[in-house]
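Listed after this line are the structures, all set down as structure tokens.
There are two complexes below, and they share subunit A, which is joined by subunit B in the first and by subunit C in the second.
Up next, the complex of A and B:
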């Protein structure tokens, strides 16, 4: 099975990548500031020199860098990513990632889906109607997506959707969560589902809300509750996802348009025409599969980028995801958090690239894995 | 001289005053400038000329496949009493692939790389043929049965074009086949709906010589079996000699000579055709430098006035008086030099007029020097 071998090979290649990334992030983050700072925090002026030295010795920070690095690596191999000091009391980095990753993942995947569903058809349309009204419209839409700063768009969306018209706040859907307070894992109601019994919260709100189905109500009410929660989650998810997806959508549109135009000039399209096929079949059967590959590449990179870098959107919408935590970590010189985040980001990039590479094989038979 | 073409034979295609322009940044390329010819039913007609003389544009116009920035500006292509150029798109699609099929030049780039070759051929059946066997009693189409039927039809056609392991081949992708096999697949596509006219647009140019010979044999056999009309576009005169009954020589978007193949090779009249024939290297001739036609192919944005060949024409050079008076000013009209043998050349026409008047100049009719 070539396919399987290929995947295994790529996953094994992940190890040296991780090694390199951990080394780089370790060296760089230790070079930016004194690691002791995050432990003493604001009170450093009150701490005596002797106490500092003692702390350094306790934490092993007086050792040469390679000793420190090998200790770090050793802990890493045991799954210990250290403690994120920007939490009070400090939380293990791994736990923070487990709590926060679903929020980011949900947001990015949802926005990527919107971007793909809108961007690719728009690209096809503007390629077919090149230099006609639909093409100009889609160009304007794409350009405004690229040129609108996310923080501004996010704020405007909030104002328009939630403050000015109160469209969504008063939509009387039963559950009215304050917009800024997305539940964190801890105060999430334990979903005692009728169907599934005790379901642990996955952190993916869309999923959790569907599975919620509180057991203490009659079944119809229970389903209704669950449904309303789902709608509510959707309403909260949509604005930031839209914010993120507009830029991606712009990229996909332009990319699809360009490669579609390129494909339509290919010889095999002429042959398809000479067979008497209709324009529709030529576009969807003969051109699209060839044209979609560059868009797919961009989409793969987008996914990785979204999963790790939705910093602005998460900040504007107070989304409890990875991005906001990473920014805080950098601001607080929370070294364990920074290193943990970089590692996760690297893994996500490698995996999403692998995913794209595997997809190529389904779309283009010329690509084989050996 | 036995005539292969009976003049009363049915004309399957009448092309009149075809003019195709390409609108580029450098200016308007007048790729075809008033092409007029007939295609007789059942013949095999060769279109020959240098690169850029308008051979491919001519045949693509017949199927209305001229793409942006090209445009058919003027003309008429009469097929069974209807003008292809003014038809609705829907009608044209019904002719494409069904009545007139094209075999393209480069089998590497003309097959869709992401579709199985069998599926690409089966499209033609699906599009142009009723498959009543696939219908269930309630009138709906049984998809599974249809698939099976299409598969059989495709593999049958594969056998006709002498492809090996047809069953297995159906599921292959183009990149897994050799050039010759791909060309056979393209031919299979073209003959799938048993077309009236088959156009081979440099169908063998991209292949190596042994494969070329095989493909030509195949085309020859198919033509006899299917009784189709074959239009053969090439710049290889050897292929013309082997394949075609009649030849049209194009130069710079205009027809310079039309003749039956044997006649053309034996007594070509137009100075350009002569130049072409002279440029053929012959294996049994003592080695010497190749004869080339002096000068270069005209730029079709600003083609020469009058006869487009006059700047390179040795006959015009030998007759400066005619050149001054006609060649540089007036476009020569095709003149029926011998029955069925048309030549567009001022010098030749005047000679012929002289000859008719009883002054027989020795230059009129000469075989090419038998080298």
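Up next, the complex of A and C:
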């Protein structure tokens, strides 16, 4: 099978999967409870039975499930995911996702960068010094990363930061990790930017803060304000991102180690050795380039896998992203929100898996597809 | 892995049982391989570490009843219903045995120096307003003695009383020739304590203090009258008690007398009005205001209430308020001259008409005095003191409602009223003892949580819960996944396609999010959590099983089995699956850690275990409100999760290394 055919086949297979995903999310969210009850809430003005029946009829809830499902599918194709009732007033789910996605994405990407920057060198060291002390150390670090409950790590991190802050407070260094909420551009009265006039907020706080540059200040003050805001955002981003990156870091370390070990056994490495090249050149010029491909590919996959981590991490760190919204939605029986979140998570996950598979085949032509 | 395949049986021989075709033959080669793998594993230090950690954790879980001090489900008496027992979650601190202990008996006879021939009747009052409890003692030689407290209020260093010479009372009326029964209280509402005595002439006399507590000016003893102008008069010895009976901040008068009668006079319209009374005649439970009152009797051996005749003589009533005033309950002790005494905890009170409802059918309505022995014509006094246990990080409740939570926003203050007991025995003996909080000596290795639960015990019980959950989930997921996967692989075609598309759908979700959605749909319970986890994990096993079955089904022995005419299900379950079970088992071992991690994560965000349940993730969630100042609430449960998952991962790593032929060289 050629690569092109493989791509086409994978894309076609996507259709039943997405169909199944929508069906499953429909079934799951309809099993949660009476949809009307969740919207009426526990308010004192009790709704009469006739009104309930009327509402049920209006919303088509008295129809058989397949009619409801096909309607749901139709709305879905128009991009209508319903309204999230846990917002007051209710907001369209898609809008909520758009509002909240940047926070989650920023956290995920930042933690992915940390994981790559720490994990891959650790893996290389581990492979070079196989069965020696650095190898054991990095393997234990990697294993602890895989084994550690992410929410526990987050809470312990907060305890550590709290105590570090106490020490910093006593030592008069003049620096503390911030307890306050992240500074946003709304904290400043002049939202006009020097650079672009009115720069729209993208939701990515790192970007927003560095491009803030309020216009009504002197230029140095303006830059300084933006910089301070950027640092503040970074300080706020670091603990949850570190917590989230721990697991990915462990995975990358393992992966790099495995592929490095495998690459080092290849014939061309033997050839390079017999040519008399130094070990340094062999490792960094010959082995690493080939060994790092699978790791980087896996990194793409883990971006979607990070969604799982963000549910817990955002809960622990009160991060205003998708994961926390989902947990709140379940607590509030917010059906549309649950449906929307599960669907978005599944789509992201499926697409990134697909991308990784295709990329893998593209990078490594030796892979055959049967 | 396996080269060649020998069959030295004649497959057309019908005499040969089907077991010949079973997996044993092909397993012989695999068994050799397995032995080799185990010998490799034995050399892997990480695997050994993981293996022994798991063995250790499993041992902890199995021997949990023997190594924990608390749990798995302790019982406590419901404070309100008294008889209902609430099952507490594992590790909950025992509420019944760890409670009040009585101090040793201190003999204060020399301090008091009461003539051994005298019988006394005492009352307790802070007469000189120094917030230390003083004692008034009336003797049967018509004396009224005042013992001033010169000790301290520290419960450990007991009070010390000495006969006061500075404070003198007016002369006792000459009608009284025997026992003087004193009572003290502010009867004219001038915020200065006055004194009332009951004499053996059956009359009640009062003296008012018109001065200050420091320099009293007593009026002469005068007779007390009721609202009709009749003098208060009883048949024999009268024992007055002053108490704010109906909680209207005005002192009321309760009189016990020798005809087993207790009369309650309420202070209304500046005069004592007889509100009601009840008679305590032996063997005659009285129905007072439609309330059964049976004060005479005792509990039999079977725990049932048996009416027994009381001794003869007068009745004294001591009111103590074990319950705080906010609850408006009085507890009373009734003492008879015979030495019998009964103690009643009021369980209900109605403001108008005022009466205590004494329901002796409830076990906690009876109060046991561990150190009071009934003796003829003895007298005892209780009074309470308050300690605040919220500061000392003690969680404490007793069967007899001696503690009260005072709700103050989020900061709950818990105060406990403990009792001190002063006992006047015949022969001039006076003994004193007090209650104190006793720890029962069980150690909290990891500290206690916000409810007073022992974290160490809870961790061990939660470890058991989580391990059982993980094994249960993986076992069922393996069974379901294997059956479905084997069917898909064996039959192929559209069945295979359908099943694989279904597994694709399950693989399309991140595990935790799928489990979260399913758990949310099913509702919060451990059972639903396990169903959600099974739903997440089965698809993986289905895929492995399918791959194995596809590779096995072209083998010769499957052909042979089909040739002898075995049915599909028999071929799948008796021949193919046993041969492909090995990689499934390895995968299952690898997944145990992941299941524990996901289960804990779900419990943490509120699915699965209920608050207070001993489940590791739930314990972390419960401790989250306090973890900055008390990190141990969160640290230990999380560390146990970490240990479990780490151990499983180490084992999995070891197995994977051994299984991987490339790394084997």
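Convention: the second predicted complex is superposed on the first by the 287 of 370 C-alpha atoms of A that agree within 3 Å, B and C clash if a C-alpha of one lies under 4 Å from a C-alpha of the other, contacts with A are read in each partner's own complex, and residues count from 1 in each chain.
Please note the rule applied: a contact is a pair of C-beta atoms (placed from the backbone, for glycine too) under 8 Å apart; a residue touches a chain by one contact, two chains touch by 3 or more.
These figures come from a predicted structure and were not determined experimentally.
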{"item": "Winner by number of subunit A residues touched, once subunit B and subunit C are compared", "value": "C"}
{"item": "Partner chain(s) touched by A:342 [first = subunit B, second = subunit C, both, neither]", "value": "second"}
{"item": "Which of subunit B and subunit C A:113 touches, first, second, both or neither", "value": "neither"}
{"item": "First (subunit B), second (subunit C), both or neither touched by A:151", "value": "second"}
{"item": "Partner chain in contact with A:24 - subunit B first, subunit C second, else both or neither", "value": "second"}
{"item": "Partner chain in contact with A:67 - subunit B first, subunit C second, else both or neither", "value": "neither"}
{"item": "Partner chain in contact with A:59 - subunit B first, subunit C second, else both or neither", "value": "neither"}
{"item": "First, second, both or neither for A:11, with subunit B first and subunit C second", "value": "neither"}
{"item": "Subunit B and subunit C footprints on subunit A, overlapping residues", "value": "265"}
{"item": "Of all residues in subunit C, those that touch subunit A in their complex", "value": "46, 501-502, 504-505, 508-514, 516-518, 520-522, 593, 597, 600-601, 604-607, 617, 620, 624, 627-628, 631, 634-635, 637-639, 641-642, 645-646, 648-650, 653, 662-663"}
{"item": "Subunit A-facing residues of subunit B, complex", "value": "63, 65, 67, 93-98, 101-102, 104, 106, 109-115, 123-124, 127-128, 173, 175, 186, 189"}
{"item": "Touch list for subunit A against partner subunit C, complex", "value": "13, 16-18, 20-21, 23-25, 27-29, 31-32, 139, 143-144, 146-152, 155-156, 158-159, 162, 261-262, 265, 304-305, 307-308, 311-312, 315, 326-327, 330-331, 338, 341-342, 345-346, 349-350"}
{"item": "Contact footprint of subunit B on subunit A as seen in their complex", "value": "265-268, 270-278, 285-286, 289-290, 363-366"}
